[in-house]
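Look for subunit A in each of the two complexes below; its partner is subunit B in the first and subunit C in the second.
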Partner chain A sequence: MSIYDRAITVFSPDGHLFQVEYAQEAVKKGSTAVGIRGKDIVVLGVEKKSVAKLQEERTVRKICALDEHVCMAFAGLTADARIVINRARVECQSHRLTVEDPVTVEYITRHIATLKQRYTQSNGRRPFGISALIVGFDYDGTPRLYQTDPSGTYHAWKANAIGRSAKTVREFLEKNYTDEAIATDNEAIKLAIKALLEVVQSGGKNIDLAVIRRNQPLKLLESKEIETLVAEIEKEKEDEAEKKKQKKST
Partner chain B sequence: MATFFGEVLSVYSRAVEEDDDDLDDENEDERIHREIEEKREVHIVWCPEVAQSLEDSGSNTLQCSDLIIAVGTNAAGFLSAYVLNTESWDAVGHVSLWNERSRGSSRQSIAPLPGEPACLFYRHRDNPAVLVCQSTCYIAEDQLFQWTEKVFGCLQKRGLSVMVLSDSPVAEYKTPDYLYGSAVPFLRSLKSSASKGQALCPALEQPNILTGLPAAVLSHCQVHQIPAVLYQCYTDVISPDSITMETYKPALLCLSKLVKLEPCLSADVLRKFAIITEAQSNLYT
Partner chain C sequence: MKCYRLFIPYSRWRDAHPIVHSQKYHRRRRVCRLISKTLSKMALSSVLQSESADFSFNNDRSFSFGCRFGQTDLGFGAAPGDRLNFAIKASLGPDDKDGPERKIEFLHGTTTLAFKFQHGVIVAVDSRATAGAYIASQTVKKVIEINPYLLGTMAGGAADCSFWERLLARQCRVYELRNKERISVAAASKLLANMVYQYKGMGLSMGTMVCGWDKRGPGLYYVDSEGNRVCGDLFAVGSGSMYAYGVVDSGLRQDLSVEEACELGRRAIYQATYRDAYSGGQVNLYHVHSEGWTRVSQEDVLKLHHQYQEPKK
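== the complex of A and B ==
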């Protein structure tokens, strides 16, 4: 196996591109990010990385705006993400100036995915070690959520997770993403927090949340707001447990 | 030798050197070999009480019913967090050795500092037949046999049972199937034929092999018919990590029969033993 994973451009006899698959392992080393597409809102939640004591917290960000109406969260190699984000930002502005319209979420996702794919097919270069969740609203008002991975594939999702415990979070979302769960903006945000709380240790203070509402710019929630929402969720959970207990005893 | 000009010259033979030089060279070689051997010798330094018990016993051995060896930072961290965290363990000795990767103190009497890679022995106060060994330093291949012989030479063979916990990178695990991320870290076991009980996890599949100290210990136990079980944890993290340490939890079942363990462990205590390099490493976000 090892002789087929040296150069990126070599297929193995059974059709694997090992460097791309190994790049996907690098993504799993990043902390979890979750994206939820609501009716009038899109939500991105990330597990905050623990920051060194002397480090400025502001400079360790997993959620970045690509334009006023599009933002992304990534998981994987920090430096690779910076390059991808810069290229995407330039493309967003170039698009605005060239065709006088903001990019659609699909367009910018396709641009990022094409960039990533190019790096899986050139010699001497390794793939980008990041997966991205890209959310935003198109100018016709439709909310969108896309996910890209190191191989350069991209798909639209209703809700998805990437990073360290993505599988657990995705299973939670598959069970709990219902129309009534995303009925209101607040409910969609709480679903994102609930999904992250499945895998984040020590609760609300390790969660960062960003939302985009239709025709409004990106908003990063403050930690106080997140703590309030976490407290609400905890209370709901307790009420649920109480009700169950009462049901059992009657 | 005849030269071109017809004269005869006597030649020095290059085949045989003069006796004096020969002896010196040999001595020098021997001396160097001996010095290297001495430098690489493995010394076990026991605390005074244990040294006394060794002397008092006729055979220079300690009575030991259970020896638990942890090889690697995660295995050692697991034992520190789950077993050695109560106050009832005494540090009773350490192994002092030198090799290119473990430049231990050449003076044996100095105990290793906490946090340094080392090989330490602990004994339970209430049950002195239970010994724990935490080995976080690298032991070279040529020193493994010595280590095993000297350590097991201090223990009575009768009634001895050994458990080894060892870390290994998952990159060295060979399997025909693709390993999904959620499966890692995981445990595999290996037993000596004298070991009768059920292992708590699947056995190590072929063609995977053990190397290093765990292999030396298990080989010794197999040869001397000592019941021994080894739990190898394959992990994808190179530094001590709390999730990897928790993978050894099934071993607590056996350990709780030997000594009293702390009932529940808060995540904070575990995190203390996991290196906080995560904060400094900005490679992944």
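== the complex of A and C ==
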């Protein structure tokens, strides 16, 4: 079987493209990212990798704006992501120039996915080793969340997670993503933090959060705000635990 | 060049050296034709092959400059700024230097008109084609139906207009299929303008108005082969445009009803055909509204003449 994973352009006898599957393995090694689509807000949360003592923290950013109304987070090889993000940013502006309209989230996702697919079907190139979560609002105000993977497919989601322990986070979201959970902006942000706290060690310090509200540009939450929200969540958890204890004792 | 070294004008050198001049002159023309042929083949093939509505430009566009040198010497091409004034390139006169080029029929002698009002866009055109003083046809279709909600008018070279607008129709349809929504008038006119800009300076002659209705409301853009693309509420193109402007400017209000607006367009074209020798035939009238375009009427100018002159008697 290993002779079929040398060149990307070759299928294996049982129909696999091994390079693409290995790229998906690379994605699974990346740090977790979670995306949530609320009613008037879209939230992206990523697990911040701990940096060395002498390294400046701000130079490593996993959430990037593609345009005023679209942003993305990725999981996988950072260098590959930089290339994809550059091309997507140029495409957003080209679209504005040619069509005199901002891109829809679906359009830019389709462009990124086509780019990734092209690299799975050319000679001598390897696929991009990233999965991307693309969020934003269309010009008619609908919030959108899309996920792409190294094979070049894309799907729309209500909430999703990629990267390390993505499965755990997705199961948590499946249980907890309800209409009440995303009723207000704050609730949606808290849901994202709760989902990340499942898999991130040592709490709020290692979480990076970004939100886009309708008709507003991308906003990266500061660590202070994140700490406040984490504290709120902890308090809610304690209250819940207290209530349960009281119910048991009565 | 030799003439400059001798400090004499080119014309004197040319008359003094007939044989050498003619050899150099024809060699230059052959080279220019060869280059423009290759350039246009390369440019055309890239336009036809372009994927997506060509939002991402490939790097092999280095050839898209126009073949500019020697343009004035060789005697073809309108003066720059001609189209911007919507002026006609007056008589394709008896210039025997470029015999074959000059015999091509151009529709500069025409009147096409389009204006926006509250219920959409009215498009009115005449239907005469002239070659010099000869009326080639009285029944030319100068409105091209790009798709059920976009119209393009034709002024300039008939082949250029109809070819590029059919290509535009193809691009619009591909956009619609890819993005699951209709293309906007702004985007359609931009696609057309970008397509012909690659051929700027190569002798295309096209002055068209792209009219339609999209999510922003009625849309009207003027696009020509010089690379102009202008958004506006009212355009008239062609030799009879000045007469048409006079009528429309005096009668245009935003609150016109559909019938009043149609009558205004009809009257404007009629008045233009009355005074301009190069416009005539029939008046074709279209109305673009939120559901698409409808062909309102096609009336012979002579019939309109009797209709308008009758009350005066």
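The rule is short, and it goes like this: the second predicted complex is superposed on the first by the 250 of 250 C-alpha atoms of A that agree within 3 Å, B and C clash if a C-alpha of one lies under 4 Å from a C-alpha of the other, contacts with A are read in each partner's own complex, and residues count from 1 in each chain.
In this section, a contact is a pair of C-beta atoms (placed from the backbone, for glycine too) under 8 Å apart; a residue touches a chain by one contact, two chains touch by 3 or more.
Fair warning: this is a prediction, and the values are worked out from it, not measured in the lab.
Trainee: Taking subunit A as the common reference for superposition, should the pair subunit B and subunit C be classed as clashing or as fitting?
Mentor: Fit: subunit B and subunit C sit side by side once superposed on subunit A.
Trainee: Quick one: classify A:95 as touching subunit B (first), subunit C (second), both or neither.
Mentor: The answer is second: A:95 touches subunit C but not subunit B.
Trainee: Of the partners subunit B and subunit C, which touch A:107 in the superposed model: first, second, both, neither?
Mentor: second
Trainee: A:167 in the overlay: touching subunit B, subunit C, both, or neither? Say first, second, both or neither.
Mentor: first
Trainee: Of subunit B and subunit C, which one touches more residues of subunit A?
Mentor: B
Trainee: What is the contact status of A:50 with respect to subunit B (first) and subunit C (second): first, second, both, or neither?
Mentor: Touch partner of A:50: subunit B, not subunit C.
Trainee: In whole Å, how close do subunit B and subunit C get at the C-alpha level once superposed?
Mentor: 28
Trainee: Overlap of the subunit B and subunit C footprints on subunit A, residue-wise?
Mentor: Subunit A residues touching both partners: none found.
Trainee: Over in the complex, which subunit A residues touch subunit C? Could you list them?
Mentor: Listed in rising order, the residues of subunit A that touch subunit C are 90-91, 94-95, 98-101, 104, 107, 111.
Trainee: Enumerate the contact residues on subunit A facing subunit B in the complex.
Mentor: Result: residues 25-26, 28-31, 49-53, 55, 60, 62, 74-79, 81, 167-168, 201-202 of subunit A touch subunit B.
Trainee: Under the touch definition given earlier, write down the residues of subunit B that touch subunit A in their complex.
Mentor: 181-182, 236, 267, 278-280, 282-285
Trainee: Considering the complex alone, what residue numbers of subunit C touch subunit A?
Mentor: Checking each residue of subunit C against subunit A gives 53-57, 179, 183-184, 186-187, 190-191, 194.
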